[in-house]
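What follows is a pair of complexes built around chain A, which joins chain B in one and chain C in the other.
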Partner chain A sequence: MTSNKLLPALALAILSFTTLAADPVGNGPLRGTGDLGIAVERAKGSLQWLDTTKMTSLGRIEGLGDLSHASAVFSRDERYAYVFGRDGGLTKVDLLTGTIARRVMQSGNSIGGAISQDGRFIAAANYTPGGVKIFDSDSLDLVADIPTGSKVIGLEDIPGNRFGFSLWDKDEIWIADLSGDPKNPRLTKFTNIGHQPYDALVSPDGRWYVAGLYGEDGIAVLDTWNLEAGVKRALPDYGRGEEKLPVYKMPHLETWAMVGNLAFIPGVGHHEVVIVDTATWTQAGVIPVAGQPVFVMAQPDGRRLWVNFAFPNYDTVQVIDVPSQRVVHTMKPGVAVLHMEFAPRGEAVWLSVRDGNRLEVYDTASFRKLAELPADAPSGIFFTARAHRFGL
Partner chain B sequence: MTSNKLLPALALAILSFTTLAADPVGNGPLRGTGDLGIAVERAKGSLQWLDTTKMTSLGRIEGLGDLSHASAVFSRDERYAYVFGRDGGLTKVDLLTGTIARRVMQSGNSIGGAISQDGRFIAAANYTPGGVKIFDSDSLDLVADIPTGSKVIGLEDIPGNRFGFSLWDKDEIWIADLSGDPKNPRLTKFTNIGHQPYDALVSPDGRWYVAGLYGEDGIAVLDTWNLEAGVKRALPDYGRGEEKLPVYKMPHLETWAMVGNLAFIPGVGHHEVVIVDTATWTQAGVIPVAGQPVFVMAQPDGRRLWVNFAFPNYDTVQVIDVPSQRVVHTMKPGVAVLHMEFAPRGEAVWLSVRDGNRLEVYDTASFRKLAELPADAPSGIFFTARAHRFGL
Partner chain C sequence: MISKAVCLVALMVPFCAASADMAPGPERQRELIHFVRQECGFCHGLRLTGGLGSPLTAQAMRDKPMDTLVAVILHGIPGTAMPGWQPFLAEPEVVWIVKSLQEGFPNDVK
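After this line comes the complex of A and B, so read on.
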């Protein structure tokens, strides 16, 4: 185990950075921002501030409120993280100074958000009161308020400076188009898309908006290149099924693998990854795995999938080889692996091990552990390279 | 036309930045680096230093030698550009200070290069003497020298900290693997891959290395997930053909569009874009266009292709709608449009208009011109978001 050797190096790295600390008005030691990131410390309401090149922590950033189930997006220049807290707080964090640049309490209860294609607007999805709020990404001033009369989930950016989101209580998907007057987004509404959409994703090219359904089996698929065609239902057997299997955690749909026309998504309640033919939106097979998948994430090269699991298999990570559709590696980093994030070009993957109070970094080719970093009950890990991608 | 209005704003932007200039030891005004870029001024041996958010120039960076046919790659942190000059110069440019951080004359005549997946190594492809040199990306110290006895073209990064390149004089493709000992790259050589490979590309997922052939029709395709299968020949009718059509400029293969299993590549000598089914590597159709295509570049969302042309149609740009495979827009920015580069998430595209001595920026949705910037006979445009992608 390499952890004991790594810790002194980490402490030194933090110390040497502190001595070079930037002043709050914006001058300081210069550095690029393409290799930065954060890991959420949910209990403390703080972030670990990460350097993905040196695989070190640059320090802790505190004062972000309730970060249970928090997520983050990044500014177009990769300098700022926008963190959506469960308590409705929206915090703009400066990754060059390790400080909070701005913070607003934008609602009573938030579930996530997105940044527009051009980087000018932040959209937050809210439970209480239900709706979407649009903020200026520079000032965090409110630009537009879109009440929905429903909890909003699955808020994603879509090309054309649009946002897509789903209404849990109304079984609807809405598209808000900010390409005209951002203060008055043009809304397109799709009704009866399926019962209780609980999460959604956008394909890596930004074309397909797909919502998972909690209230029934199947998924809702919207082709954002052709809104006139409406929302289609697909995968009628995908979901909890007739037998109402015990589902320990509904899987996240945030990320999927696409190789040619195939997508790989977590099974619900089943110990399997589901293969979907996206040309026809039909099931093309399943891959047996060690538990109920939570995230099925593709390496940036699409060659392997990394899968974590719900209780009781939440100490385990499995790696699937895409060409052969087989599990090629199983490891048990500890209780509980909550999230995974790849280096921008995928040579390494970072895992959060919640009860182990640490982040672990692995070489994706050899599965060798490269680093361990202390972190307080870490959950989500987010790197600045997301700024340049759709739906992240 | 908006150019007259834009110029004063540009001058002001340059002035205000200059007053905040960084000191050379690395302190200065803080800024993110995810929205920076460069445009090559080939005659002057200089770069325009670009801000893609404000759509302005931050100044000119001089002293890079012979930049005819120059290209660039970016450091993992998106702070530095590595510019490969035709005279064999390799220049590391600091995009936070607008200065040259390091410069080495690494050969007599270079044609381009790449940066390794992990960002630690720069590889330069050389004509004179023929071979590849590997440099430390921090110091530019030589790490490895790979003589080939041939001009080297199509040097591309491949996942697994590998580089692929082609030997013009020997009809070979080599893979250099730096994942073990970088000072002694492990070489895999493929012979008789086709006559006179003249350019190559790597697919966006990093899997396929494809070389175009000058000496005969067809292309050479290598599946880097399965090197044992060797190089396959494909598209037997792709090339100059029996009739030896006049070819004003061999097309670049650097970038292609993939939608599902389709790729779109420039025809050789013909006024057409060729559609390729990458599941079988066979031709699936052609799209007629205004001239001999040079670059066929996909928007990051894959929905449209932007095409520029060889003489005598080099004043023209056409836009193809991917779903309908039809030209939907034609414009004539001026003589001669040499290169195009998309904003990271594709809301804008930048064009270099060589004889017009300007860069132009267009909204990709509306085709509205957003900005014009003066530049001295500009050619290649390169943005830092390339740091996070394969084969760019």
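After this line comes the complex of A and C, so read on.
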């Protein structure tokens, strides 16, 4: 071995040693968090702490309370996950150490939340009492309380350090603007937006806030670049004249695929994915699928959509090719596939199989299974790459 | 894996595990407990403390009439998000579920 080859090896050895020695908390060598994530173990009130590069669990993080319907957002340095629990618990989890950094009980009953554009504020959407609470993302101290007199759903961050949310019981969409005085957010309220908004999404550029309606046909669309134009109704004819199937699990609107001007959303009460032309906000078609979609999620490259389903078809996952708008793959990973999450650039997708007590990882190009990880009745899977996207 | 698949099939076929006037057997009871905690739990919470749906705790259910609750579970409530579960649950099973809710629902044992 020549010395010029030996030197880098020696340097590396010294560097590794130094890194280990310099580690202040004894959790191993220095590392980033951009490839980490969590999976919710809903019944146990714990998280699986995940490494998406090695496709392994780094351990279990316990003590998060009632995690039925839990969701998470991430700090902009991708170090912390903020987990919203059903029991109103808001837990700040340190993904470098796998420990709970802070935890507050912020309400009696919560559904989810969002983090502001500048990363300084966490907003939590609450059912009981109905409203939105804003917290300092560092300390979890309460910054502002926005009572709504209604269950709040579809709380999303939008550009301008604003949050948008919808009121299930009042048929309203509110925008809270924190860009001035965060302690007194400026509220803009839109009424009669459509009956029973059940969830909402924000377009990848943060411009469009779209609420799905459970109580009537159609969706409510708000252009956040032009609030004065008000909420517009779209797809008023979707499903008209057809009997809706009973909805055994409320669909989620989380993200969408756009190819040109097309967006794809779950058809409520129908075994269909609905295609929406976002230039005109009209229906551009439907894609028949294996059940009532719960999540219609686009791979980060937008080429394929992955769809899971409500009870009783929730053992199935289908993949839609976006250019041809056809189902190209159907698989049955097991009973109760509750959620899907893509690796940051989408070469792999992770699925939670609740009754199988496992997470499964698939290659999104070949559909080959890459890994299986044990997890107790897993539901939501959330990776840190969400930190830098609107509406996630 | 196989037993889970059988459970799901059983849930989809009413009357297969309980005759019209009989309470469900112990195995079916376990399936129903899992069903209520998990599927109803999406809207009502795993701990049945409520969410989009109302709380199903003993305190919330105790004073409500059996007939009404059975009808709500079987047929849903029009104009709300509550669907009817008749395709998946037989009436005696629903009666057993309501009784159990009113007494304080058992935990899911897997």
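Brief remarks follow.
To be clear about the criterion, the second predicted complex is superposed on the first by the 358 of 392 C-alpha atoms of A that agree within 3 Å, B and C clash if a C-alpha of one lies under 4 Å from a C-alpha of the other, contacts with A are read in each partner's own complex, and residues count from 1 in each chain.
One rule holds in what follows: a contact is a pair of C-beta atoms (placed from the backbone, for glycine too) under 8 Å apart; a residue touches a chain by one contact, two chains touch by 3 or more.
As the structure is a computational prediction, the values presented were derived from the model and not from experiment.
Of the two partner chains placed by the overlay, neither chain B nor chain C lies in contact with A:Arg368. Of the two partner chains placed by superposition, only chain C is touched by A:Asp355; chain B is not. Once the two complexes are laid over each other on the shared chain, residue contacts for A:Lys249 go to chain C alone; chain B is not touched. In the superposition on chain A, contact of A:Gly215 is made with chain C only, not with chain B. Look at A:Tyr80: by the touch rule set out above, it reaches chain B but stays clear of chain C. The partner that reaches more residues of chain A, of the two candidates chain B and chain C, is B. In the superposition on chain A, A:Lys189 makes contact with neither chain B nor chain C. By the document's definition of touching, of the two partners only chain B reaches A:Gly346; chain C does not. Of the two partner chains, chain B is the only one that A:Ser179 touches; chain C does not reach it.
Residues 1, 4-5, 7-8, 11-12, 37-39, 41-43, 45-47, 49-52, 76, 79, 81, 83-85, 88, 108, 110 of chain C touch chain A in their complex.
Within the complex formed with chain C, the chain A residues making contact are 42-43, 66-69, 86-87, 109, 111, 127-128, 151, 153, 168, 196, 198, 214-215, 246-250, 311-312, 315, 334-336, 354-357, 377.
Residues 22, 26-36, 53, 74-80, 95-97, 117-119, 159-161, 179, 205-207, 225-226, 259-261, 278-279, 300-303, 323, 343-348, 365, 384-385, 387-390 of chain B are the ones touching chain A in the complex.
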